[in-house]
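Quick one: the structure is below, and I'll ask about it shortly.
Order of writing sets the chain letters: A, B, C, D, E and F. Residues in each chain are counted from 1.
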Amino acid sequence: MEVRRPTIEDWDNPGDLVTINIGPSHPAMHGTLRVIAQTDGETIVSAEPEIGYLHRGVEKLGEHLTYHQFIPITDRLNYCSAIANNVSYEMAVEKLMGIKVPEKAQVIRMIMMELARIADHIVCIGILGVDLGAFTPFFYLFIQREEIYEIFEWYNGARLTNTFGRIGGVEADLPEDFEERWRKLLPNLKKAIDETDKLLTHNRIWMDRTIGVTAFSPEDALSWGFTGPCLRACGVKRDLRKDEPYCFYDQVDFEIPVGKHGDVFDRYIVRMIEMEESIKIIDQAIKIYKEFPPDAPLMAKVPKIIKPPVGEVYSAIEAPNGELGFWIKSDGSDKPYRIKIRPPCYMVYQAFPELVQGEMIADLIACLSSLNIIAGELDR
Amino acid sequence: MNWVIAIIKVVFIWTWCLLWATVMTWAERRGSAMIQDRLGPNRAGPFGLFQPIADGIKLFTKEEFRPKTARKILFNLGPILFAIPAFSAYAVIPFGDKIVIGGKEILLQVADVNIGFLYVLAIGALAVYGIVVGGWGSNNKYSILGGLRSTAQLISYEVPWGLALLAAVFVYGTFDLRQIALEQTGTFLGFLPNWGVFKQPLGFLIFTVAAYAEANRVPFDLPEAESEIVAGYHTEYGGMRLGLYLFGEYVNLYTLSALCVTLYFGAWNLPYIDMSKFLGPISYGIASFVVFWLKVMVFLLSFIWVRWTVPRFRYDQVMRLGWKTLIPLALFNLLITALFIQLTV
Amino acid sequence: MGLKEDVQNTLGELALDFLECQGDLSVTVPKDKIVEVLTKLRDNLGFNFLSDVFGVDNSVFYEKLAKAKAKKKKGEEDKEEEPQGPPPPRFEVVYLLLSLETNKRLAVKIQVPEDDLVVDSVTCLWKAADWPERETFDMFGIRFKGHHNLKRLLMWDEFPAHPLRKDYPLEGQGEERILEYND
Amino acid sequence: MMSGFECIALYLAMSVIAVLGMYIISVLLGPLRPKPNKQTPYECGVPLLDPSNKRYDVKYYVVGVLFLVFDLETVLIYPLASRFKEFAHYGWGAFFEVFIFVAILIAGLIYAIARGAIEWD
Amino acid sequence: MDIYFWIFAVIGVAAGIFTISYKDALPCALGLLTVFMSLAALYVHLHAPLVAIFQVAIYAGAILILVVFVIMLLMTPDEDQMGRQKNIGFRIMGFLLGLLMMCYLAIGAKGIDQLVHQEKLPKGFGDPHIFGDLLFRQYLLHFEVASVLLLVALIGGVYLAKKRL
Amino acid sequence: MAFQAYGGEGWLLTKLEQLINWGRKRSPWPLPYGTACCGIEMMAALASGYDLARFGAERPSFSPRQADVLIQAGTITKKMVPIFKRIYDQMAEPKWVISMGACACSGGVFRTYSTLQGIDLVVPVDVYVPGCPPRPEGLIYALIKIMEKIEKDHPLRKKAAEIGIGG
């Protein structure tokens, strides 16, 4: 698959280029993204993304909140999978303090994170479909997403921004009939994924629209700092759950799907397969969970006011979008001295000009949706 | 007397088209809801049936303003130029056979002219102006891009459309749509209904694909591709100006479906059954009307069904499909049809 | 054979200082040698993935540390870390590296004094440094020499301050984006 | 007796009157509060980057040329098409006439495709 | 029924004047569209519906669309507001050429009035079938030559555009 | 004199206004301006489970000319303010605004240098929906509130006053 990359020099009269401003208030731009594209007819000569429209000063805010208070703020980073953010932050603080989290809490975290991963991928695929004109899969998938949210809500009372877990563990055990609920949800979820698969994957138009569109080489992807499904779509088998296992990921059996060309189709397929793998992980994690006695501890011994020793740590997990890392510098007080969040889609989105150059306007939209850019964690 | 009948027919079929265009908007919303596991609009009237009326009232009382940069004449003319051809294309298409009232034979067709076929073609070609003028007149990049895309798409698919219809003319040997409908009685090859679709399967296929493109429907809805160029050529339009565009599209759908039924699906003829044999003159007229209408409905529903099933094409794919697939196919179909006729007579 | 020794061997005297915290290793290197250091680390130690680049404003940190120390070890004499000579540079730029083969992580730090806020850009090594460097410029005012498009990333272009500096209040100084029109 | 064309004229007149009527009613009924900001062109909320009436891609124009040619061809064959069945009785003349006509245009289409006139990238 | 003639003649002439006098190019094209449409109406009035339909399908439906395309594609913002050619020599030349054209038309149309005022039209006048007959019998060569002409037009158009492509 | 009836308290006028209000009420096309977390909940409200389309709020139109109800779901940052304001200004009359979520209502937890502390500082808001993020039911309730508000409107009287006849 040859990748064309014409540059602005290829155009004999740049005065004829039309500058099209896409976003922020644009159907495909998720409300906050903006791309200024120079086009020649339908072809994009150059695209410049502008971000910061949802910059809420989270990192600055973190310096003024205590360690516990910052957990709800992490919810609002990647709001599609808030639980992964919570856990990532908690793990960073735990690492900083050297706390060992009880194993049962780790399994609960794992189950919840995988549920959040499914929910996140559902949003991404649904929106990708909507942006390419296929509306129906969005609705099919969102019904199941509601069910997942019901599980969240019934676990801790919030649908979207869960503020899940505490530093040192989780606050509550899974409710008794969790497995029952999960078994009830599972066939419907599988059916929805299956129906989406039927509607899209082998649809001729869908294939035409996605295969070979914004293909990316693995070298480029690594150089740009890609992680997560976007990197795996390029053919690099990297997943922190396997490479730097945390929780119980080294004890469960799952596959890491990898693509070949790094195009929109591969990203879509990788996400589809990851949802199925997540289902597998949850099934196994529930088995591990059941081995623990009901009164097994859920919280490690954590002081009421958290004052970690002076130092700086970086801890990352595999969030649905890729490597989500927290770099925390502590000065010994009850507030972090500096929190740096490494959002996965920040790195992915900066390669956007290179991804879409020479493609068509419609491809720009497809590419953007397939990257799953979440403005909350992009701008922080 | 003739005048009165003519006026009644004109008014009736005109409102009928508009009515079904309106109902289509409802059916589309409810249909899409059904496909997508939703309820759809159900608050306005029973089953939300009055939803289009509410939309209409809303659009009528919405502010009609013109952006300062828009070109005044063109901006105002756009929707009108789009709606008039759309509303008037139905004039020559029959909507039933004939009805005999008081010994007077009334053809269920507004105008039975010998060039009816070409009239639809010619009027259909004019719809482009509404889009071009509206898009260019808005002086907005999305509008202009949408207008250009739309124009290129419409004129590209007019060629295979025209060629497919041409092949049908080869078969029927007339431009009179009523004549064409009457020719589709009886059976073909002994067991098939004598419908155009069996004589022109390829032509029907090309016609259908091109009709989707002509009507700007998914998968060819990229002139107003919501996720790319906001709302395409009618980005700057609000109020009834927008309403005229939206209505015009649904009326177009009705016309296209009726044309398709007339040409390929035996108009008001039922397969194997000759209704005129055992029905009285009045009931026959009504029955033919109902049969025709039901067939049109099937096509309208297929438009909805497809819309919520497939993604949309990219612009170059639309062009490629049109010029590299449909037009060669249509030309091939033309030659095959000619050869077939030559060999069979 | 620890990572620390490897880094020490590779960098030689370029490694000014090491800090180990909960298994995370960070190394401080001279500011003007950063491209050289990162090239060496990439080519010799296989740190082929740049995770992130960001700045830290240490102006309050040393004060707090000194205060805490003074509280803790009243009267006790410190060996080395007694503030002596010129105060340490205000800013720090941290490069988070990752080796995809060994899955090891390394933080490389440079000290940036307030009066010389220019650092060499590493976009020539990793394209990934593009936006993080812009953000660091946006948030701390540290300029990156050789960056192709160094302008504000998250804040609007006319924004007067650098918000992540410690002397900038959380709730801002009343900056409003100028509306480009009047109603 | 009212001829078919008069009916068409009536139908057309009805369309024109109805469309204009809708238009006028809408203008009369709707509120009208123009403000300077409201009347700026919609560009996703940002001010215009460059004027929108620029030169657009010439490829659209090529589509126009191709369409003109093929539309003319279609229209030219139409009168023949309605008589084709009768002509077919007299032998292969009509068929070859159509065949040559179409073949020449297929050649043109092949030329246009080969030259990349409808390639978009 | 001369009222029809007068209605459409007046509309046509008025639209024609609008076309040559208005500043902006695209409304001019719409004026031309009106001229074509009223001409088509006049053809219908002259019992030549097929010609009328061709008038709409070819002139209004195809040629004018190309004209509109060209206007949209080639008009830069400055030309948009520039207005017409100011050179007086061109105006005089245009006027003379127009006059010449009118004379030619007048000579050509000399016999028409007899045709129109014939009490009885020839049987099947204006019928598409007659048209087809003529095309097949009398004007066979013209028909085929037309296809070659179209081919040339197509190649020329693609070639000219390709230069820029 | 004829205008007297137009501007007066006529039965016909009231009925007409009721009709118009009914139409507007039953067809509030939303302009979804989902910027942050609330945008996801807004999507959930539009999707099958909650289905805002039941109220006629189908066809989300991103062109402000075609929309009636601006649903501001999520934080508005100071960088976004001019854009948001312009989008609101460009909406055609009549228009309504739903401020969805704590951030849109008051800035929420983000009391920082870059966040606008409530969109009512720049545009008039009709209904506030608290919550971080509010549940889809909250949005539906807000839409119903908007409908109630529409019912109390007097479109024709306003129009008459606008063109300077009647009262």
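Assume a contact is a pair of C-beta atoms (placed from the backbone, for glycine too) under 8 Å apart; a residue touches a chain by one contact, two chains touch by 3 or more.
None of these values were measured; they are calculated from a predicted model.
Colleague: Based on CA centres, what chain would you say lies at the far end from chain B?
Modeller: Of all the other chains, the one whose centre lies farthest from chain B is C.
Colleague: Which chains are joined by the largest number of contacting C-beta pairs?
Modeller: B-D
Colleague: Taking each chain's centre as the mean of its CA atoms, which one is most distant from chain E?
Modeller: Of all chains, C has its centre farthest from that of chain E.
Colleague: Which whole number of Å gives the spacing of the CA centres of chain D and chain F?
Modeller: The separation of the two C-alpha centroids amounts to 39 Å.
Colleague: Could you work out how far the Cα centre of chain B sits from that of chain D, in whole Å?
Modeller: 15
Colleague: Could you work out how far the Cα centre of chain E sits from that of chain F, in whole Å?
Modeller: The mean C-alpha positions of chain E and chain F differ by 51 Å.
Colleague: What are the residue numbers in chain C that touch two or more other chains?
Modeller: 154-156, 163, 168, 170, 180-181, 183, in rising order.
Colleague: Can you list the chain F residues in contact with two or more other chains?
Modeller: In chain F, the residues touching two or more other chains are 20, 47-48, 62-65, 79, 82-87, 89, 92-94, 111-114, 155.
Colleague: Indicate the residues of chain E shared as contacts by at least two other chains.
Modeller: In chain E, the residues touching two or more other chains are 49-50, 57, 61-62, 65, 69, 72, 128.
Colleague: Quick one: in the complex, what on chain A touches chain F?
Modeller: 24-27, 30-32, 52-58, 60-61, 72-73, 75-76, 79-80, 123, 138-140, 142-143, 145-146, 149, 159-161, 375-376, 379
Colleague: So in the complex, which bits of chain B are touching chain D?
Modeller: By the definition above, chain B touches chain D via 2-3, 6-7, 9-11, 14, 59-70, 79-80, 83-84, 87-88, 90-92, 110-113, 116, 118-119, 125, 138-142, 144-145, 148, 151-152, 155-156, 158-159, 162-163, 166, 169-170, 173-175, 230, 235-236, 239-241, 243-244, 315-316, 319-320, 323-324, 327-328, 331, 334-335, 338-339, 341-342, 345.
Colleague: Mind pulling up the chain F residues that touch chain C in the complex?
Modeller: Checking each residue of chain F against chain C gives 78-79, 81-82, 85-86, 89, 111-114.
Colleague: Hey, which residues of chain B end up touching chain A in the complex?
Modeller: Chain B residues touching chain A: 32, 35-38, 141-142, 145, 218-219, 221-222, 225-230, 308-317.
Colleague: Help me check something: in the complex, which residues belonging to chain F touch chain B?
Modeller: Listed in rising order, the residues of chain F that touch chain B are 19-20, 22-27, 29, 47-48, 51, 53-56, 58, 61-63, 65-66, 68, 92-94, 155.
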